[in-house]
Amino acid sequence: MPPGKLISLAEAVGRTSWDGMQYASGAALPVGSDAIVFGRELLRQGRKDLHAIFHCNSQQLNLLAAAGAVSRAECGFSGLEVFGFANGLRRAVESGRLALEDYSNLSMALRLLGGALGWPFVPATVNIASDIQARSAFAPDDYPSRSKIPTVTDPFSGREIGALPPLVPDLAAIHVSLADPLGNAIMLGTEWSRFELSRAAKRVVLIADAIVDTACMRQYPNLVRIPDLVVEAVVWWPFAAWPQSSPGLYDVDEEHMKLMNLALATEDGTAAYLRDYVESYSDIDTYLDLIGRDKVASLSQGPTSFLLDPYRQWILPAEALS
Amino acid sequence: MPPGKLISLAEAVGRTSWDGMQYASGAALPVGSDAIVFGRELLRQGRKDLHAIFHCNSQQLNLLAAAGAVSRAECGFSGLEVFGFANGLRRAVESGRLALEDYSNLSMALRLLGGALGWPFVPATVNIASDIQARSAFAPDDYPSRSKIPTVTDPFSGREIGALPPLVPDLAAIHVSLADPLGNAIMLGTEWSRFELSRAAKRVVLIADAIVDTACMRQYPNLVRIPDLVVEAVVWWPFAAWPQSSPGLYDVDEEHMKLMNLALATEDGTAAYLRDYVESYSDIDTYLDLIGRDKVASLSQGPTSFLLDPYRQWILPAEALS
Amino acid sequence: MTRPCTRQEMMAIATGREIRDGELAIFGVGLSMLAGFFAQAHHAPGVRAMTEGGVYGATPVGGLPWGIECNRISANATSFTSAIDALGCLVASGRCDVGVIGAAQVDKYGNVNTTGVWDQGGVIGTRYRPPKTRLNGAGGANDIASGAKRFIIMVAHEPKRFAERVSYISSPGYLEGGDARTRHGLRGGGPSAIVTTLGILRPDPETREFQLDGWYSFSSIADIRANTGWDLKIAPGAQEIPEPSVAELAALRRVDETGALRKN
Amino acid sequence: MTRPCTRQEMMAIATGREIRDGELAIFGVGLSMLAGFFAQAHHAPGVRAMTEGGVYGATPVGGLPWGIECNRISANATSFTSAIDALGCLVASGRCDVGVIGAAQVDKYGNVNTTGVWDQGGVIGTRYRPPKTRLNGAGGANDIASGAKRFIIMVAHEPKRFAERVSYISSPGYLEGGDARTRHGLRGGGPSAIVTTLGILRPDPETREFQLDGWYSFSSIADIRANTGWDLKIAPGAQEIPEPSVAELAALRRVDETGALRKN
């Protein structure tokens, strides 16, 4: 059955990305289900001047920002949850190298929904009456801002609410637990806003931890929240979200989360991280070696492993995917 | 583990319904996944003057309208798909007994989403420039109507689009394939707008074809699109959508679909139908007898039966549910 | 008369020919779904088909589905989502390439009425009043007509169905003609063809008035004009439409295995 | 000093006491989640808890979750949906009874800054400029603060965190005080309490200025005033807050099994 839309990671990045593009990813919360391996490959291929659309910051945005590849970003949360502030992103923001436009976690998701529906604006009952509405990093002189979240008059009551600008990213690289070669995908764990993102973006590439036979999708069509008809390409890459988690497949690598964020706090640390963890592998095997085969095994035995059980029978082996 | 929120159908109707209420149901397409057994019980308990919110007409609305229990209705499609026009509904509309406010299938779903999100209005790029926008059965003298789908000015472009009125029904009776006693629910087949409805309505009662142990939900949390925290009560009723289908559980009963719609075409036929198929059973056993045990068995062996297979092990037997 | 197929089959094949491989397409239930799945079976294997309910990747099994979510179409789908997804994210958004809708009544600008039949000459007036005969309402057709890049109207060619002006616009065609759709802010491109049991009508590129573009081997210009409720113009280049090929008819009859299109 | 528990534990317990059984509640990650799950474990078994990501029915296993969607909280959930569902349908809509949020800086009207620290006295001016120290942004806290019926702010009580006026309103409290929330069209009721490592502040019913409502056995009015960056008023009826009961502390420590709250 493979390849269908299955292509290599390098080819996916080469075919769908360019300098200056609006690049959307992350789209899950900061420590899980992030297509960070796509971001590593963006750096390997030297992409720069990205306009990053991340519902929340993730280690991917943290890395891209630390490496100087992002000049504008929009997100709802810029930290790393219990792992603290995102050092790479904060350095880029504090230095003025990266303009970070702030929204909230709901408004980012609603903006993706608005893009998906082709709406000119999205009603906002949040972000109003705050500095998120009043201040714009993209239009610093517009204060109080009238261009970022302007008001709109409800025709029923005559009262004003906010209007959010919809998002239509050039590309979305979306992490999914399971995909078939046609591009149907199953997400285990919260979708966060990956459903909306998959419909908002002009082009969609799936980064899947495992590839399953389409028979799996026919057994569980209600789980296939991203259908093939919105997907351009599928990349198979185990541990694609590492060091972050993928519910059902692997846990957070706490040690590397800390090591990585510490490294990204400085220029030198970032250079070392890029050398050791971005440029250093040549394929999936050497990538898994880099993580460490013991760690791959232990992270796979997490408390959510049972969530994968119903689908294991359809997972295609590596031999079938080349 | 039962009862949790499990209550009888008669108690659910008695506790949550009243004359004149905004009653939402249907919420799947016309020949499937409709909580019609709740509608039959509304008639058994003599409810009247209902304001029906049905994304699409279904045999339930057709029946309620034929019986004279509905004075106002809003829907996006008023037919019965390949089974033709809905004779009970059309009689009520043509006679002027029932005011039917027309929307489209997308705008009904968006209005539920708007109710769910607590928005004052929902942007509309559909229904505009049509008689759906221009004419209102609820406000017949308002022509061209300015109250039903007024215009709103997009603050980004200055152009006008439509504004849909959100829906917040008093009660939603939602058909689901599987529920647990806590009120977590799995829908097999398209959700249509049941997700949005479950968040828009003030109160939610689930009508489930089968009850499963909560362990099923913990194995498949991504399938639980209606979580217990929005659900007030759960009613177990096999073949709850009959004569319509429930993907994975039973097929459409073509013969009864036709018999029923033919009956609802006349006052006499409706009276006979109410006597024979609404007032005639006293519990689940006599209801299944009415359908016919052979038919129950044959309709259960449909081409989608395999969709239920993963969940069969958790289905609680009738003995556990009383 | 020894037609190679029924009028309904010819209409379904002519509609299916309008659908191109790889397109994102939405089909209603009934005849339009058969037309779409015929196209998929014959010349557009890569058509990305969906239904209003968000059923993806399916082809019907066991004959014409009873409805969009019915088990015959649910049995081999790869994804089920929702109405907002299919009709909103994929159609009203402007992403859908082509939709197929039916009509009880259509007018010379391709406006569609599926809502009702009114007495007094079909004129409702400036006060809403219930129809003499209530039909099905707009369903998803209004959303397709508003948002799809183009759509095809399938309709039986009878005088009562082809009006100078529909009583009620359930789904917008070109409204008053010309650039009216743009002025009213509709995103989609409008109807590209009216495919009937007698032939095909297409809009004039300027006025958007529908003109006769083709007739079948078993119909004629005179026949079609006699069955059209406005003074139908003949498009430059109008001609007879090729009969179904053996392969086309075989593909259609595989899809329509219960013979729904052969009943009249 | 022989405190029965750490300051952070006291803060978590005092926060948990604000949550009532049966309420629809949303907890952020970290300390606020521990406070919420403590309430559920101790006196509010029927609390209907959710996270921003749409994780329902879960209680964390194996210690403090790393994040809202992390495996420790995914392992025993009954439902996973999405951000729009949790933060939109259930919180911004006005349905959620209570939320718990953190703060880097809070002011006397309960406005919260989690976005940054600016130099020049923390005044940004009328042109946007990047912060000297970038923090985490609003996350879902803005949505909770805008929409929840009430919310509780959990914050370490230090002078730099308690300002007359926050530099940046990431999440709105009572804005300029009085009925400002209503005038600005915010749906939710605003902050009902600021629970700190030293005590509890509550808003004056008219002015909405936060006043000292209670102190812990190990703190005092003087201590709290010295650590507050505005001239803190004392509410009528302010008093010492009861120490944790044995059952409360046991419940908290069951939830906080890795001792995250006992580190300082």
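In this document, chain identifiers A, B, C and D correspond to the written order of the chains, with residue numbering beginning at 1 in each.
Just so it is clear, contacts are C-beta pairs under 8 Å (C-beta built on N, C-alpha and C of every residue); 3 or more make two chains touch, one makes a residue touch a chain.
All values reported here derive from a predicted model rather than from experimental measurement.
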item: Identity of the chain that, by mean CA position, is farthest from subunit A; value: C
item: Between B-C and A-C, the pair with more C-beta contacts; value: B-C
item: Centre-to-centre distance between subunit C and subunit A (centres being mean Cα positions), rounded to whole Å; value: 40
item: Inter-centroid spacing, subunit D versus subunit A (mean Cα positions, whole Å); value: 28
item: Euclidean distance of C-alpha centroids - subunit C vs subunit D, Å; value: 56
item: Residue numbers of subunit C (touch at least two other chains); value: 74, 80-81, 84, 88, 92, 147, 187
item: Numbers and ranges of subunit B residues touching at least 2 other chains; value: 117-118, 125, 159, 161, 188-189, 191, 195, 221-222, 225, 307
item: Interchain contacts, given as pairs of chains that touch; value: A-B, A-C, A-D, B-C, B-D
item: Subunit C-facing residues of subunit B, complex; value: 28-33, 55-56, 75-79, 81-83, 85, 89-90, 93-94, 96, 100, 102-110, 113, 125-132, 135-137, 139-141, 143, 159-161, 188-193, 195-196, 245, 247, 251-252, 254, 257, 302-304, 307
item: Parts of subunit B lying in touch with subunit D, wherever the complex brings them together; value: 116-118, 180, 182, 184, 195, 199, 214, 217-218, 221-222, 224-230
item: Residue numbers on subunit A that touch subunit B, as the complex places them; value: 117-123, 125, 150-157, 159, 161, 163, 165, 186-189, 191, 219-223, 225, 306-307, 309-310
item: Subunit C residues within the subunit A interface of the complex; value: 24, 48, 50, 56-57, 74, 76-81, 84-85, 88-90, 92-95, 147, 187
item: Subunit B-facing residues of subunit C, complex; value: 29-30, 51-55, 61-62, 64-72, 74-75, 80-84, 87-88, 91-92, 115, 124, 126-143, 146-147, 168-172, 175, 180-181, 184-187
